[in-house]
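Encoded as structure tokens, here's the structure I'll be asking about.
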Amino acid sequence: MNKLALDELLRRALIEDIGAGDLAGEAIFAEEDTAAGYLIAKQALILAGTAVFARTFALLDERVNVAFDYADGDKVEKGQRFARIEGPTQSLLAGERVALNLLQHMTGIATETNRYAAACGGHRALVVDTRKTLPGLRMLQKYAVTVGGGKNHRFGLDSMVMIKDNHIKAAGGILPAVARARAKVSPFVKIEVEVEDLEQVKQALQAGADVIMLDNMDLPMIETAVRLIDRRALVEVSGNVTLERVAALAATGVDIISSGALTHSVKAADISLRLI
Amino acid sequence: MNKLALDELLRRALIEDIGAGDLAGEAIFAEEDTAAGYLIAKQALILAGTAVFARTFALLDERVNVAFDYADGDKVEKGQRFARIEGPTQSLLAGERVALNLLQHMTGIATETNRYAAACGGHRALVVDTRKTLPGLRMLQKYAVTVGGGKNHRFGLDSMVMIKDNHIKAAGGILPAVARARAKVSPFVKIEVEVEDLEQVKQALQAGADVIMLDNMDLPMIETAVRLIDRRALVEVSGNVTLERVAALAATGVDIISSGALTHSVKAADISLRLI
Amino acid sequence: MNKLALDELLRRALIEDIGAGDLAGEAIFAEEDTAAGYLIAKQALILAGTAVFARTFALLDERVNVAFDYADGDKVEKGQRFARIEGPTQSLLAGERVALNLLQHMTGIATETNRYAAACGGHRALVVDTRKTLPGLRMLQKYAVTVGGGKNHRFGLDSMVMIKDNHIKAAGGILPAVARARAKVSPFVKIEVEVEDLEQVKQALQAGADVIMLDNMDLPMIETAVRLIDRRALVEVSGNVTLERVAALAATGVDIISSGALTHSVKAADISLRLI
Amino acid sequence: MNKLALDELLRRALIEDIGAGDLAGEAIFAEEDTAAGYLIAKQALILAGTAVFARTFALLDERVNVAFDYADGDKVEKGQRFARIEGPTQSLLAGERVALNLLQHMTGIATETNRYAAACGGHRALVVDTRKTLPGLRMLQKYAVTVGGGKNHRFGLDSMVMIKDNHIKAAGGILPAVARARAKVSPFVKIEVEVEDLEQVKQALQAGADVIMLDNMDLPMIETAVRLIDRRALVEVSGNVTLERVAALAATGVDIISSGALTHSVKAADISLRLI
Amino acid sequence: MNKLALDELLRRALIEDIGAGDLAGEAIFAEEDTAAGYLIAKQALILAGTAVFARTFALLDERVNVAFDYADGDKVEKGQRFARIEGPTQSLLAGERVALNLLQHMTGIATETNRYAAACGGHRALVVDTRKTLPGLRMLQKYAVTVGGGKNHRFGLDSMVMIKDNHIKAAGGILPAVARARAKVSPFVKIEVEVEDLEQVKQALQAGADVIMLDNMDLPMIETAVRLIDRRALVEVSGNVTLERVAALAATGVDIISSGALTHSVKAADISLRLI
Amino acid sequence: MNKLALDELLRRALIEDIGAGDLAGEAIFAEEDTAAGYLIAKQALILAGTAVFARTFALLDERVNVAFDYADGDKVEKGQRFARIEGPTQSLLAGERVALNLLQHMTGIATETNRYAAACGGHRALVVDTRKTLPGLRMLQKYAVTVGGGKNHRFGLDSMVMIKDNHIKAAGGILPAVARARAKVSPFVKIEVEVEDLEQVKQALQAGADVIMLDNMDLPMIETAVRLIDRRALVEVSGNVTLERVAALAATGVDIISSGALTHSVKAADISLRLI
């Protein structure tokens, strides 16, 4: 994770939430009042975002101490207290909501990703995210996916070539599309082609695609495509990927199962910060 | 909505997604290529974010035209095409993901909020959001709640006084806590007290709270509290608010039903942008 | 006060003043040179901005120590030394002007506000500011008003509804204007109506305005309005508010006396920083 | 003026004032409603900030038209309408306060500066500002000073060398201080020495100072200093400069009369924006 | 190229150069004065940065027109006029230096890269840049490399894995280092290993490196390595890459020749903007 | 140097280079791993940028220690180790490239400037830079010039008046151009006139220019101009300034020799950071 980019994100988030100041906290507590509290899991979860949680308070007030008993990626059982926090009360109250919103969001992603990854069983398939992330939060969301046992698809439009239907039409076919991309981009950049049928799979192979994405295919067609490709390219499946379907998809022998829902439809993990 | 704040958010989001440039788009399309497409609803939805969607493209390229057939707040049926877009292909591809991510997120919020609001039936209860929003997206999320028929709770720590358990303890009771806040803050700012039992309800009333939040109470206790308060303060219920429970909560006569899930656990609406 | 928003403001201010570097300080002093100094009041004043003053130097150089003998809100007599500062000379010189400009400005506001508040005598009237603040400095200016014994009017356009002449005309009257606002905004937001005569006062009351602003009325009409409203809404007077007139305004029984001059026409407090 | 720096300042100012949106404007007016209005001078004034006023609205909405009948530097009489504005009502209301706050502030500076400049009569003395400006507003304040007939002192610490008491002590005298500065800084940068008596005037002359600042001297001593310096350096007077004293100061033959009050204690010009 | 990131860079650059305003331009020209001019090549060059040049003026003033007779990547002969510009004189003068500084810098990079690329003759070798770029200018510098006929190495630390000496030591060898990286990073990311002798080449091959970088090897060892690798990985040479040595390096059959000097030691192209 | 402006530049540079995180460093090293290294000069150089180098790491991680054995401006011989660094390995790797890119760039400038300054021999001529700097890096580049023994020309368009050919034409001659500028700008600002022949030199003198820039003149004409001007104005030569020509230019008696190449065509100094 990029610490300086994280700081920018957190400063903006804190300014968004605190506005011109915490009316209640400043009215009722004195600068020197201190408090302590703990984080408790109200569901079983895969923890993600501990450094983000701690850094939120550090930016507000160096005197706040946060100590986690678990690390990112650890499983925490329902009912478990897993972190302690103490420091000036005004700062705890000012940072609490932003820190918790992010921790719950990231932990929600890691927990769900972990379910998908577990569903792949012993198969080679990796669970990966997409660019369907929430604007401004991509770095944190993609990090949480890796914490949950998934991998990241390209970070943005500049980190890989993805050739889709309209690129193919514009270029006059998969071969010329890949050729045009190969001629232009760096030799370090992988080229992926999104295909819809087996004929396109063959063309993508012939074009030398590094990754072939099977878009919205049914299981038998996926199996055929995997055999056809025969490890000459990475095989990704995408579209209609649900937790229920992951095991069957993984069993087809694909390399990559990508899911936008991991980041675009996140259920926040149920975590409470209780001050005592 | 604040247009200049929106522009800042969108510029950051586009820079996050585009990085150093769209490798595929720049390799395969020429500057002068144009394309057109449409948005289609793949589920029934309450539309939210039309201006955000359009502005995303406008920031990239003034030549992109976006025309919506529906406005924010309108219901769009599953299968309905509801907007057209046309312009330079490179710009459509560069802006597509950010625009769509936001539209799906905001529409998801409005659609879910609308279900909550509908569940209130003819009762006075208003559905409101909380500060449990995704960092950086609060303005858009809260706007989407209003589009769906909900109302906004305080925007941040500076716009209202919320007196909770720890404030009460620190001040030595609800009365001194409210008194201390009243003495400090503006006469224009409302003071809300979070209470856990009927005894605290009485104290909050006595203290002159503008709003009394009944935290995690069961239905009978809520009904008693509503009668006790008797319109002398706004009554908010919070905690364990699910779509299933909203109708019953509304029937108790409360003024406000607040739900963090509306913004912290959003299911993106299923919308496709299809280029033709 | 929002510490992170303050830091942004101070960083910008220091970059504005220092530019590419302090030519004189860097030419004449060595990095390791240190100096000390003190702040002296050259007029009687109500101190405001001590944390802002100290933070300015802290952002430049952690080695600078600032110690105030008085706190925000304290009265300091003319001739009194009220703070000591010591640290690297180059940092003292680089931060001096920004720190002092803000301290003098904020103290000027607090001192003047205090005069207005004192003039209210034993009456219920509160002195409040307006949105007539200096762009970029609103948080500091409004904070200084509270230090001086005043209260803050709405922070911005998003924190309250103020219905003025043109809103009333557009809506077709005070009643429909208030109704339209009430239907749209949050139940936590107060609605204020600006009125020009007693007929409008009655309409505002009938519309259920939370606050009624008597715009530019003479004292007798204000007294009549106060009696008419009879505590059913907060009563604010605005327009032609001068220090000379405050006592008479307060004596009418209004709740709020608002003055733009407190923030738009500030006389800087006379404070010197003397290095020794 | 730097247009891009102005845009940054105005965007921040508008975001500060509008927050998450204009509650009243969005509730009561429709997007397509339009309005018109005019600016009226409620005091005689020297106009400053017309481009700033117009640009504020342009950043919000290109459809707003602003037409000034007078230019920066023109005198506008009390009661004169001097500009018209028309456009979407929501945008007029959203931009009105920021635009007006800046116009009144800048015009206030220009009007007061103009009084100082007029008081110099036929003498050579120029009225100049200082670094005692309001943080974030220096460019606008210094521009307004020039509009009023004044000149700008150094913009910041990097644009000139000002040798004060503590520099002199650290360097071991005026001569070594000036020598050290001359050796370090660019040949294009002027060096000014602040002096407190005639002996120091002589040393500053001998050191080859480009400008000699007579700090808090009485009129006879200033006259002696001017004769002593005899145009071999620019002569600046500073400290205890009031409008009443300017004529006498100018009559001594000094080149520059600098006043911090021009920018640190500004009285906003009385201007109204009336929508019709 | 990312247009929004470019705008941010240009706004900062213009603010850096213009400061509080163009003293000479504002003193001597009127707002309505216009001028025209042209760009002339004072050396043979490969043009790069035309859109950057034009955008610089567009950000300042929409009325400036820039028309290039050549496109990025075109060769322009010495003495050739290759673009015309016209618009308000003040804006031409305010933008001239930033626009020209960037055009000369980018064209300098493209021109030199082109020499390197040409020196590769008919060999497969591609000329690529490194991360040795000038902070803040990476996007523009890397773009200019591609314009000159080169390719880009990884954009930053997040776009590829580069395993160097200290990674190898920490992991206990090339095999465990690659294995550890492979286990952690996305399947879309290429892994490159920097090697210093043939034994390490073998280990890198065995580890399944996608790219093997031969660091500072002499030509015979490079040839041996190329044969040994035999197209099972991309072969990059780096270190001591000069224009004189490129042909010989390319003749060894390597895939990639990387040079930091292309971006860290740029000679600005000699281009003049002449106003007429 | 302005430390806060430096921090902004470094944060942007680090975010540019690190992106979403250091893939290799995070995959292979643990948070607690530490490393040490040193900087070694691979050429003789004049060191510049030590504080910039150290600050880069400090922004990433306070635990990194950097100790230089030499200061800015010192000569370091080829082969000399001149600094040690130690700290968490992940932070050393994350900051290394940005820190080194800047150190090499600044040292390259100082080293080359030093050659120019040395070539001036015992003459009065000062070597100065221009506005031909790399956008975003002006403060660092100009600082490096002073470290190398040069001086800075104006920082930007707001710090001095430079009257060129087109200003002269627009104003109707050198005299009216200077007069117009003098009337408008501050008395603290120097006015420079660019001249092309001796007739213009005379006019510039008559106009009272503070600095006269002899543009692209040959040596005899420069000598004549110097005699003509006779110390009544500073004399600057510009255009076709190469290291080979500096000695001859200095011998003509000019005050200032300005060179754009010092900052627009920098050869990075050869410095290695070796981790051990």
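Letters A, B, C, D, E and F name the chains as they come in the text, with residue numbers starting at 1 for each one.
We take it that a contact is a pair of C-beta atoms (placed from the backbone, for glycine too) under 8 Å apart; a residue touches a chain by one contact, two chains touch by 3 or more.
In this text the structure is predicted, and so the values were computed from the model without any measurement.
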Those chains that touch subunit E and also touch subunit D are B, F
When each step joins two chains that touch, the fewest steps from subunit A to subunit F total 1
Note: among C-F, A-B or D-F, over half of the D-E contact pairs reappear in C-F
Between A-B and B-E, more contacting C-beta pairs sit at A-B
In whole angstrom, the CA-centroid distance of subunit B from subunit C equals 31
The distance between the C-alpha centres of subunit A and subunit D, rounded to whole Å, is 51
Multi-chain contacts in subunit B, i.e. residues touching at least two other chains, fall at 2, 18-21, 26, 138, 155, 158-160, 184-185
The chain pairs that touch are A-B, A-C, A-E, A-F, B-C, B-D, B-E, C-D, C-F, D-E, D-F, E-F
Subunit B contacts subunit C in the complex at 2, 126, 128, 146, 151-155, 158-160, 184-188, 190, 192, 210-211, 234, 255-256
Within their complex, subunit B touches subunit E through residues 11, 14-15, 18-21, 26, 59-61
So, in the complex, the side of subunit E touching subunit B is made of residues 1-5, 8, 138-139, 142-143, 155
Contacts from subunit F onto subunit E in the complex sit at residues 9-10, 12-13, 16-29, 33, 35, 89, 93-94, 97-98, 101-102, 104-105, 108, 131-138, 155-167, 170-171, 177, 180-181, 183-185, 189, 260-261, 264-268, 275
